[in-house]
Amino acid sequence: MNIQEKTVTSAHELLAPDSHGKSSVKYILLSLCVICALLVPVVVKDPSHQNLAILILMAAQLGVAWNIVGGYAGQVSLGHVAFYGLGAYTSTLLLTQWGMNAWLAMLCGGILAALISLVIGWSCFRLNGHYFGMATIAVAEIIQIIFTNWEYAGGAVGLTLPMDQQGWSNMIFTDKAPYYYIALGLLLLTLAVNYWIEHSYLGYYFRAIKDEPDAARSLGINLSRYKQIAFAVSSFFTAIGGSLYAQKELYIDPGSVLHTGLSIKMALVSILGGVGTLLGPVIGAGVLTFIEEGTRALFGGSGRGTDLVIYAALIVVIAVYYPTGVMGWIKQFFARRKAVRAQKAQDAQDTTGTQAGKEAA
Amino acid sequence: MSLLRVESVSKRFGGITANQDVSFEVGAGKIVGLIGPNGAGKTTMFNCIAGYAPPTTGEIWMNDIKVSGMSPEQCARAGIGRTFQVARTFTSMTALENVMVGAFLINKNVADARQSAAKLLSFVNLGQFKDKPAGSMTISEQRRLAVARALAVRPRLLLMDEVMAGLNPTEVKETVDVVLKIREEGISCLIVEHVLEGIMPIADAIVVLDYGKKIAEGSPEQVSNDPKVIAAYLGDE
Amino acid sequence: MLQVRNLRVSYDGVLALSKVDIDVEKGKIVALVGGNGNGKSTTLRAIAGLNTADAGQIIFDGKPLEKIPASKRVGLGLSLVPEGRRIFARLTVERNLQLGAYTRRDADEVAESIDTMYSLFPILKERRYQLAGTMSGGEQQMLAIGRGLMAKPKLLLLDEPSWGIAPKFVTKVLDTIQLINEQGMSILLVEQNLHKALAIAHHGYVIQTGCIVMQGTGQELLNNEDVKKAYLGV
Amino acid sequence: QQEIKIGVIYPLSGAAASSGSEMKNALELAADIVNNGAKSVPNLPFSAGGGLPNLKGAKIKLVFADHQGNPQIGATETERLITQEKVVAIVGAYFSNVTATSSQVAEKYKIPYVNPESSSSTLTQRGFKWFFRTTAHDDLFVHNFFDFFKELEAKKGIKVKQLATFNENTLWGNETTKLETKLAAEKGYNLVKTIVYPAKSTQLTSEVQQLKSASPQVVMQSSYLGDAIMAMKTYKELGFSPDMILANNAGFTDTEFRRTLGKDADYVITREVWSPDLAKNNPLIKQVNDLFNSKYKIDFTGNSSRTFTGLMTLVDAINRAGSTEPEAIRKALTETNIPANKLIMPWKGVKFDENGQNVLGSGILVQIIDGKYNTVWPFDLATKDVVWPMPKWDQRK
Amino acid sequence: MSLEIIIQTLASGILIGLIYALVAIGLTLIFGVMDIVNFSHGEFLMFGMYSSFWMYSLFALDPMFTLPLTALFLFALGVILYKLIIRKITNAPMLSQIFTTFGLMMLFRGLAQFFWKPDFRTVDHSVVSGAVQVFGIQVGMPQVTAGVGAILVTMGIYLFLTKTRAGAALEATAADKEAAQLMGIDSQKMFAMAWGIGAACAGVAGALLSTFFPIFPEVGANFILIAFVVVNLGGFGSVIGALFAGIIVGVIEVMGGFLIGPQYKLALVLGLFLAVLMFRPQGLMGKQ
């Protein structure tokens, strides 16, 4: 199996491709990005556009969370929707049935998902590559069946959140702006954790496990422990993303929060942006959501599925021509530029060299 | 005092017996060569010691710790470092990062790990490849990288599987120097090697396997004059 | 029989070979020597078609090879025993040998060749139904050589055939190489066991950082002071 | 000239696209009638054409959106329709779970939402102010079943005792199962088997085998088309013939159901809301259906006729409001009172209660006989007598 | 549970299982040779069904008679798809391969809907219809035909892979593409062939199914998950494994549905599949 994803080492490299010294530039750039992001709801007033921005943030957050286990640690989970659904269901049930504070409920959902991921991981991590991916699909599918048939959780009918009980403690709002800030905050938090992991020994361990698990063991790395750490962190954030979905749409059912297609989408977001890179999923989410919403707005009314055809065709084209995602493409771009520059320098040297030679002769 | 004790180890794969009742010892700070014809069971013995393939019968001890039956990662923690006959480098990482992964076992701090990894790379003469992706290094370079990586876990015993294969005599000499430096650090080495110029001059002892059985043991001179070894392995030259 | 002119090859933009010229005459053994990472394997891979050349010509039997894919070159009589064995790990030993003769049509002749390989490397016969991947390193190397010979090529490219082979057998492998050469097969040999390799080679090339820097008969090179210092550890 | 934008949101692609496209046709027909008139149906409101009289002949313009059967997309698209396309009202969304999320968005923006065909009873229990449903819901439909049994016994002397339910496992099938179980117990029927099967099964052998072992008199079934066809084929294959198959619409009323199964579809009774043979009582039905058929080469179905009616109800309200102000439309909707003879449905009219539920809607039961749907209940609308029991498979010609 | 019911469920399980196997074999073949999981495989099945349907409805040709044609179409489709798209991603990372075939899945569904409408279609009068009576139980004639067809095709593929030169070449390419080239095997040709045969298998399965299963653009979705389970359970790349796994899955599904409750039948199959993987991580017949 070919899991040798090309890895761009860090956002650092990308933001300042050939300047390790200029880290202040990097921080200024980053803060600029964050400030811009903070201003979006102030500038963009149209709720539908705000909604689009939220969708991008939510997709990005899921992609970043998935990337921890699927990208860095190379354990391609195709059943992450299980955690998404667990998060959504847990927080919704705690909120509606037990009157718990929504933020606390969200946290509980995350913790529960992380715990369950430990159980799943314990049994599935013996499997390699496609077997692992398939097993995660199976687990997600089983969880969907359980929720579909579980009366307490609303079964196939689903659960509704009280639309009229708005406020911060219930995390229910009429306006889009609060959702936007929550989604943004969540994304930044996930990114921060991801950044920390990437730059700590964990990041190195994850990549080692992905490249050569056998060799990693000879260096004292307990494979299942570190895979489980990656899986649990990833599930935690995925579940929180699920809770946010429930809080935003105010209605969940197995078809919407436990749908296999969503697992794939989480992976798609990362792949499109660049697997195993910090900011890849964010870019991927932007691109994917734009294509998705754009094609639907333009062609969705035709009634012939034209939007899907175009969307799918675009996906195929991107996958075929940019297999390492946007980040991979950017990296290649810089690498090529560097090579060209080096070549030029070389040529210049050669000519001066030969000239010098001639002169000497 | 001996560091590693292999006590009547046998290893069977289905019908094939790769090791049969093999016992030997590696003393602290010694270099021991493990030689024998192809298929004699040397790599298999490594796998037994490093926890990759537990012996069918017999026991293996590191000082007072019984390592047979432990997992590879436990063995690593018990002080056994190893390289593989097939290089198995982390191909998406740079040479330095490869070594850093090993260094984290001792110290989880990234900056510290980077520093000690850089030292180790120079130690095995790969200093100039620091930032080169490991996947684009030649196979023999990757093997030396694997030595640096294994050293990063600060083992007391280092198992090296054919790190000198594919080197020309000059390069073999360089590598021999590296091995001697490793011994100076107080690390014992158990070396599987077919390049005899690389092992005979420096080994404190040689163990010879044939068809899974130990057929000889002793100093390099003793072994190379042993008719059984000549017949099975060295050939008459 | 083989002429390599001005060969230039790169990996992801990084130059591995900058200027390689090699000639192999019919019925000769030619050795290519050089230090670690200097481009020996890359040269062989380019000749076999696994790496595409950025520039230069490879002419085999009077035919330019640039446009011919690797798989078609085998049919022309060019076979490579690659570095790192590359045997089919999940297939049996015998199946590996059979696949070596993929371009040959006559089943009886192929069976005969397999027997020849078995007599050359008895361990292969003993393990004919074992999965190749579970063989020991040296056994796999023997299998790789045997598989390369099965194609009955006009020119055999050997990349470090003695890698991981026990001393007693190294002699045998090199003897075998000489033997098949005497039977008419031309050979381009990359080998680190320089004493032995140069001893059987009719001609030798020294490659350094992707350039051929020296050539001569095997004996000339063996006696050359620079070669001695750089490669023979003297 | 003013143009009134109405957002319509349906599953135009994905698994339910086939129903979606049918409903889209019905909507386009309705819009066309309102805007351009239709002489052949003089009795239908707005058939004079020329747009809405009270808004100076304003034309209506439908803005279509595709929700792909996905609740989140439903919500997103509704938001887009409201904020980008500035529609004055929404019609949608067929799937109950999508209706749930998309109507929530409309509620938030205070935009009227007319739902012509989602049957989940919970939708009108949410206390929404802007949500109106023209069709009757599952609650009523299931009650119809039991009314039917009672009347069968009273008027025809047929005793029904042993029931089994056989429903698919999405929202619709689950709600139905719950109600059927409850009512069976309340009304003293013996429910011998309750089966909930996963939609999109590749085979239904074990399900039918279970039914057969329980040998009920009546199987009450809710299935979409693919499953419905497969179930019937499996019944025949395994020789399972209860006295009655009482289906809950959906797959069993699809044109393809009869075409595929041919004679094997006969004697199935299914709940409907519409049937061409009702034209006997209401000429409008035939007239509008002919119009539909001439344009799209298909007949109305229970779905498309309801969708048509939903849009017409909304148009009626907008016209009475005389304004495109949401609040005015909402008020007009609450005051809706369309008499039976202005509808193409066998209903007593359209009139909403405080939850937005049409209280005058109802269902009918039709039985397939000789490849045609015949209304068999309510008995006063019936065009044919119920065939009971269904002949055994091996005794059919 | 009476004997009759046992036999009946067993028979139904085996028959549907054989279809699963046939769908899965194409998938396992493509995977085995190229290490690519083809998410659009269900759509090959769909195309097979539509091919039968159109020849039936336009020219009144029975799906059984047009089966070879359908196989041929699908073979061509597989080869063309390989040449146009898959060839470019042979060396791409696994994830972008998943991405591609997933995109193809959506694309094919979309195209089918676009051109053929989302309606359910059926072949209502095939030469194979009705039911046959064996051992006191009834089984549908179309199902029996499909089952027999599936066995024949599976055997054919198995013999092809093990007994022919091309089969050996496929196996070698699967093991190591570069080394296979060194043997003189044209790996491009082999990959194209794998896609062709894989698609043709799905096509045959589609043709066999078309006589008793409704045809619609999304029909692939009904089978693909099960096909994946079968491929895994049998062991990626193993044809015989897929055959056995298909039958096992079919039987478990039908039996489990009867004994435990239909709503859990899929969960049961998946649960069992996970349990097997715990003990044999490489599937029943997979190589490690």
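Chains: A, B, C, D and E, in written order; residue numbering restarts at 1 for each.
Criterion: a contact is a pair of C-beta atoms (placed from the backbone, for glycine too) under 8 Å apart; a residue touches a chain by one contact, two chains touch by 3 or more.
The shown structure was predicted, so the numbers you read here are calculated from the model rather than taken from an experiment.
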{"item": "Contact-graph distance - origin chain B, target chain E", "value": "2"}
{"item": "Shared interface partners, meaning chains that touch chain D and chain E", "value": "A"}
{"item": "Chain pair with the most C-beta contacts", "value": "A-E"}
{"item": "Distance from the mean Cα position of chain D to that of chain A, given in whole angstrom", "value": "41"}
{"item": "Distance from the mean Cα position of chain D to that of chain C, given in whole angstrom", "value": "76"}
{"item": "Between chain C and chain E, centroid-to-centroid distance (C-alpha), Å", "value": "43"}
{"item": "Approximate Å spacing (C-alpha centroids) for the pair chain A, chain E", "value": "32"}
{"item": "Shared-contact residues (touching 2 or more other chains) in chain D", "value": "13-14, 17, 20-21, 169, 196, 198"}
{"item": "Multi-partner residues of chain E (each touching 2 or more other chains)", "value": "110, 113, 118, 263, 266"}
{"item": "Which chain pairs touch, all of them", "value": "A-B, A-C, A-D, A-E, B-C, C-E, D-E"}
{"item": "Chain E-touching residues of chain A, taken from the complex the two chains share", "value": "1-6, 70, 76, 78, 123-124, 126-131, 133-135, 137-139, 141-142, 145-146, 148-149, 260, 264, 267-268, 270-272, 275, 304-306, 308-309, 311-313, 315-316, 318-321, 323-325"}
{"item": "Complex contact set, residues of chain E against chain D", "value": "5, 8-9, 12-13, 16, 19-20, 110, 113, 117-122, 124, 131, 138-140, 212-214, 216-218, 221-223, 226, 253-258, 261-263, 265-266"}
{"item": "Residue ranges of chain C touching chain B (in the complex, touch as defined)", "value": "11-12, 14, 33, 35-37, 41, 83-84, 123, 130, 134-139, 141-142, 160, 163-172, 192, 194-195, 229-233"}
{"item": "Chain C residues within the chain A interface of the complex", "value": "13"}
{"item": "Contact footprint of chain D on chain A as seen in their complex", "value": "46-48, 51, 55, 145, 148-149, 155-158, 160, 163, 174, 245, 249-251, 253, 255-256, 259, 293, 296-297, 300-305, 307-308"}
